[in-house]
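Pasting the structures here.
Paired with chain B in one complex and with chain C in the other, chain A is shared by the two complexes that follow.
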Partner chain A sequence: MSREPGAASTPIVLRPRPAWWERVDRSAPVWVLAAAALVLLILLPLAWLVYMSVQSERGGFTLAQYARVFADPRLQKALWNTVVLAFWSGIVAVAIGAPMAWLTARTDLPWSRAIRSLVLASFVTPPFLGAFAWVMLAGPNAGYLNKLYRGLTGAEEPLLNIFTMTGLIFVVAIYTFPYVYIMIANTLGLIASDLEEAAAILGAHRLQVALTVTLPMVLPAILSGFILAVLQALALFGSPAILALPAGFHTITTQVWALFQYPPKVEMAAACSVPLLLSTALLLLAQKKLLGRRGYASVGGKGAQRRVIPLGAWRYPALAGCLAVLACAVFLPYGILARAAFSRAWAEPLTWDNFTLANWSFTFLHSATQSAIVNTLELGVLTACVGAGLAALLAYVTTRKLVVGHQVLAFLTLAPVVIPGIVLAVALFIAYTRPPFLLYGTLWILFIAYLTKEMPVGYSQSDATFRGIHPELEEAGRILGAGRLRVLGEITAPLARSGIIATWCFIFIGVIRELSASIILFTPNTKVMSVVIFDLKEEGQFGAIAVLGLFMLLMTFVVVALMQSLLGRDVMGARSSSAAG
Partner chain B sequence: MTRRRVVVALVLLLAGLVANRLALAQDARVDAAKKEGKVVWYTSLALTSAEKVAKLFEAAYPGIKVEVHRTGSQRILQRVMQELQANIKNVDVIHTSDAGHYVLLKDKKLLMKYTPAGVERFPASFKDKDGYHYGLRATVNVIAYNTKSVPPGEAPKTWKDLLDPRWKGKLVTAHPGYSGVISTHVLALVHLYGWDYFKQLAQNRPMLVQSAVDPSSVVASGERAVAANGGDYTFYQVKKKGNPVEIIFPKEGVPLVVSPTAIAAFAPHPNAAKLFTDFIFSRPVQQALADSEGLYTGHPDVTYPADQPKLSELKLLQVDAEELEKRSEEIKTRFVEFFGA
Partner chain C sequence: MGLHKRYGDVGAVSGLDLRVEAGELVALLGPSGCGKTTTLRLVAGFLTPEAGEIWVGDRCLSSPSAVIPPERRRMAMIFQSYALWPHMTVDQNVAYGLRFTGTARADRERRVRDILRAVQLEGYGARYPGELSGGQQQRVAVARALVVEPEILLLDEPLSNLDANLREEMRFEIRRLHEQFGITTLYVTHDQAEAMVISDRVAVLQHGRVAQIGSAEELFERPRTRFVAEFIGRTNLLDAVAASAGRVSAGPLRLRVAGGDLSPGARVVISIRPHQIELGLEGEPAPDTSLNVIGGTVLRASFLGDSVDYQVKLADSDVVLRVAGPTPPRARAGERVSLRIPAAACIPLPDDEAPRDLRR
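Moving on, here comes the complex of A and B:
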């Protein structure tokens, strides 16, 4: 399929194709590539996972592992804790995200752009860092906020105890509400105000309009935002490991991880993973149904007028509410991390005696940290390049309907969204610690995990990009006689460039913060930053964690800034519903 | 601070001198080790201490790097076995605080027979009779408390005192599923009081942390008032840093944890591993472990800080390595059963 020599310099002329060219099915290579990737990335690992979960010690078929998972009271409790955590995190995320989305999208709330950016900051904050920061903020005795509260009121009891289910739900919710926010803000941005105005003219009160007209229109978005938040909460490993384990309870993800301790019970881990996988698949199916039923003609029109709703006396209280949420998600955690990074003892007052740079030198001189930073960057760049390239190719092929069965291809690319990181990791571990593919111990197994995990995000981002480029531009090129590749190179690619770079950035950010798959798949030579942070956490090295955490945030924000400037707009707008992962 | 720097500098100098002499005598071996370029050390020694030992070695033998991989004893065993299953040969020197591991590893023929120079004079409890592993350092499990949260007169004196309901919500314990110091501790106390002790301790809802190093930071920060266990050297270190922490050596006795080290049979850098093993058993390093880290060692010539009790003055509770290995699953499972995670 290479371009003929000199084709670029000669004027475009219509040229008949050789006969063999017409006979070759050009979709074949795409399909071979896609099938190979699919087998390697998803089917083989998942097949191993299921196989392992039903294999008895003597090699026969058994359901004993499942029986044990559902009969063991400890595992039952872990399952139940996960359900409680996921459900309530979803509810709280909606309770925070929905009003904030409405306020910033439709009302005259002051500083709404800044608030949007801060929601983005909370969106890209690694949840395990947030959880770690909240240990320092709301540990029942040494927590900064509790000390402040005791100092002010003279009370004995703590105001907050983060090492509880409630604390865990709170911390998970403040980092998952952006998923709800994005869904709803984007939907509100598409709904015209006509209906709301009609209701207002007919005498409805503002609140009445909001509840009876606006709410029903965004209800699907709210529900699907809720499901996304629930999916996030189900799959999280870091936050429960940091907050639930010290309190003496497990969730299913920490339980799966604990089953890897020596002597490893990989079959049990597999048997725990399968129900988790099924529940995420069901939830996503439900979300698809909800979104697919989007029968509201008023959503999705071009040129619709949207009027700003005046909040009146509620402007400042509403602003205060938004800022309070953002304080919990961004200001306070970042502040306490910065403080710990420069303190000898994080719980002591910030005096000159307590000030130190030793955390920084210690962290960066530690040999495991150095190699982890290198590994993380390598994996980030590699996954982002391959992922963005693959996503662009697939999105191009599917949006332009270039091959037979492009819908299937799109579906398969989005499918990994149902696989929680830890389940993927268990599956990859089983599949790639044995011949024919011995990848455990190399960066490649992490690469595969990250690529699989990030494909849905990358694909939906690229899909949006290519949908935004009208095919008529390409058709014009084709009519003038340019081949598909030349059109791709000279028309489509330049138009899609910023979108593809944004995809690259999304994947990169996703990779550098990944913990739940890495924690199962790393070996000492392939440690990544998130794993080093987790290791340091187990030893209670607060200063070093704060340093690495801030470094990770810095990397993230540099990439976000790059992305914003390339896209020339808010990055959250383009993120579609398949953002779980 | 300056005093410690002087000590470190002296140790470096001494180590350098010793290393020089060794290097002259055993040029060939050092050359072989240099060709290998590095030694990979899976260690359960607290990260800061492990990094210090690594830096000492790198200063004594320029050109040979020490790759420190620090995690809990149980995680090290998990890692070694997991890598072996996948046919990965990465580790050279294995150092954990769970003596039971060495029973298992020796049994599976995963250790190299190697006797480091100068260990003949170590006490018997630091030596494997078959010559596969030797105790690099020792620590004892203690109780510690934050002096700002607990007035000295009211601090618990014995392991049994921790069962008093007045400590409800005020304790922290590390985890035998992570730490070898703690699995040893749990078995020693099970011998003393039976599993009932931990069942009752769990009623006081202690905060669960993983590493035996972590209770010291939890108590230092004041997040919990009293540590129900943890290596005494970790408390000694935070106390030296000026944190309001006091150590109690309970009168029923303190569980002694001798942490062995051994070279893997399949070590990819065997010469560097031997050199490193000799080095860490040399007097200067053993002395450094005692001076700046607050650890006990088996080296008969090592002197200890005046503000620390001698091992011989303490009533030690010892557990048998074979039993620790046999009951390791029971220890972890029952602990999780009582404490929830």
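Moving on, here comes the complex of A and C:
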């Protein structure tokens, strides 16, 4: 080959890049469609939310709603309760998650693989289900543990009362500590032992090594795990609604929900939501900053040797500690749910007289619960299909830099991660109860809420999938004569398949457990399982709650197992921020 | 003029001109960041040039206004990662390109079999790439590229993922296949020995343009810039000023140099290859009066098996020259020696190492 010497001898001017209209051509429709979808899903509702919060009754601009929110002593109290709950949940989550991460990642703790799996079980347990279970375990009157305690000691007073701030923090923390655990375990897994051995050979003893080398390297992970846990606690609706409301106090999320009860005060709810949205955005920004700092970046091990630290005499006490945590998060709650599902009266002793399958037939034959199960599955499948497809499309477009503005696309896709479910629901409620989009009262508004909420998780998963497919694999097809679409179909798609199915699973799990957006957006015809569970509590139908809860858990575990086998690793290996209900 | 490609502010390829003859194998050699891979990807059609054009025969493949897509260039490429599709067997990988060349099915099978035999992978057709060793994967990549009988073959550091022994073996293998098939080839590498073994000509790239192109011998014997002299083989470099057409002075040193067309007063760099310096003991009469003879002291003599590497500090100067001498060692550290350097071994080069702005 050669450059034809005589040809094109006009002076060539260096041009920056070809103008955008020369590059866009056939990918333009994709870009426009994806951008439109994101605008509809995210920007429109949020714009309505902010607009509503500053709109006065006569249509002018006002900050009166904000003034009322911050002046109202009840709302002030709710705000303060939220801060207390989030902060202490974060602290407790770190106190539980950090030692367990270190024990399972670096020491000769027995059964560490099983413990990791059980942490995963706690990770995927819907927190509101855990809260219900703990009502049955530690309610002051009928709570199973309290009955046991009274029976053993003959005392009159209950041992535990879950309907307190302490109880709430406890229940929130045992289901948010996996976020801390994942962050730290993954970081520890990347720190090569030679970094620690380098310190040891220079004369540092074990404690000094831990304090001067290991701890500073995992500190960003600890802090960012703390922030993740705080974020979860901030956005949580289910646990506070189940535990705080009977105790007579509110958090910001239950307050927003209460403002939506008849007669709805949408403007006030909007004004409550905006500060919550801003604080989650700030916290996530802080977390991003922390992870970007050198401490985390330098932890770039290439699977170097990791020495196992012997615990010696502490092996079994440490194991007992881990099992105690998991008993609170998994064994006891699952046990009481199973018991309630098969009992006439869950608080009575386990006898054959007390055994029944009536709860199951009630749940699956009763028309209200039946339609909720159908709705949930429909929404789960639909959202997972559309979401996985959209996420795959967006991730492909952004990782291969196919369109101008792909960074903006990526940003918009990840943006909903800062939106708490209940805030999203308020925003969607405002946006889609008026023309041109009258979706309230249909399943579509729930679909949009779930799609928006799951977009960041789906996108991160797909993004990792496409990053794992070396662009040269596609280029090799191109240079041998295959066009872009053919390469996409014959090379990229088969390679991305398991990753995309895993994305589907992530989204499906997120949808079937969703409560905090559903609780605002449902109507009597569009109830979903989580909402029905919440309603059944009002009727005291604990048997049915247990059945629905176990059914939900079963679906979750089946899907998780499918996902693990597809990905060939456990799902906690990837950093995910699967939303809490 | 020539080819231009920029990434943001950085000109990866800036004004590259290269002409490759039909059937020739040209290596693009240079340090990382010199633009060699970018050049290859421009040729393949994965990138659009900001200026300049790429022609094959009478077809213009790339210009800033139009780029023929990779699939219509009748080229093949071997990638650094091999880019074998893990979900296809060796047979399927190799046969893939034949689907777009209008080859009949029966014919395809035969050609896949033939090419696998040519790369010594007969009987491996049903395996998946993950079940092959690095060297075997590399040969599958070669087979996949050659089976379509491309007009032009592009190789992007295809040997850099292999271990040292295998790499050496594969160099000869690729050269043999080139001689067998005679495909016009561009070969990107940062390994000068690899470039020298494999190619007909080597283009040394620096700052996104060709610093010098020629056979390995030409580049080694007659480098035209300081960069090329340093990059190809080891050398001693002396800053000097031309005293007359054939003589330079470097500090207290006076040297007769190759050529004879220097303009007096010009600043030059003198390149002297270590193996062209003869090391004699002090007092030994020089065999030929036309040699440059310089006295010095041995700082260190290192025995390397097939040669001895001396570091000699020149008398009345801070300059230290590396000398490669035959075994056994003739002098030890601290001994005074005299160095004899033929004028033809002292190559004057323009002083091109003035700091350059990469961004233009």
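Convention: the second predicted complex is superposed on the first by the 537 of 581 C-alpha atoms of A that agree within 3 Å, B and C clash if a C-alpha of one lies under 4 Å from a C-alpha of the other, contacts with A are read in each partner's own complex, and residues count from 1 in each chain.
What we mean here is this: a contact is a pair of C-beta atoms (placed from the backbone, for glycine too) under 8 Å apart; a residue touches a chain by one contact, two chains touch by 3 or more.
Please read all numbers here as calculations on a predicted model, not as lab measurements.
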Chain B versus chain C as contact partner of A:S367, first or second or both or neither: first
Which of chain B and chain C A:N141 touches, first, second, both or neither: first
Partner chain in contact with A:F163 - chain B first, chain C second, else both or neither: first
Partner contacting more residues of chain A (chain B vs chain C): B
Partner chain(s) touched by A:E475 [first = chain B, second = chain C, both, neither]: second
Contacts of A:G238 with chain B and chain C, given as first, second, both or neither: neither
Chain B versus chain C as contact partner of A:P126, first or second or both or neither: neither
Touching partner for A:E538 - first (chain B), second (chain C), both, neither: first
First, second, both or neither for A:G90, with chain B first and chain C second: neither
Contacts on chain A seen with chain B and repeated with chain C across the two complexes: none
Chain A-facing residues of chain C, complex: 1-4, 6, 17-20, 43-46, 48, 50-58, 60-61, 63-64, 69-73, 75-77, 79-81, 83-87, 96-97, 99-101, 144-145, 148, 152, 154, 184, 360
Chain A - residues contacting chain C, complex: 1-4, 7-9, 11-18, 470, 472-473, 475-484, 491, 494-495
Chain A-touching residues of chain B, taken from the complex the two chains share: 40, 42, 46-48, 51, 54, 65-72, 74-75, 77-79, 81-83, 85-88, 90-91, 149, 169, 177-178, 205, 207-211, 213-214, 216-218, 220-225, 241, 243, 329, 332, 336-337, 339-341
Residue ranges of chain A touching chain B (in the complex, touch as defined): 74, 139-143, 163, 244-250, 254, 258, 260-264, 344-347, 362, 365-368, 433-434, 438, 440-441, 523-525, 535-536, 538-542
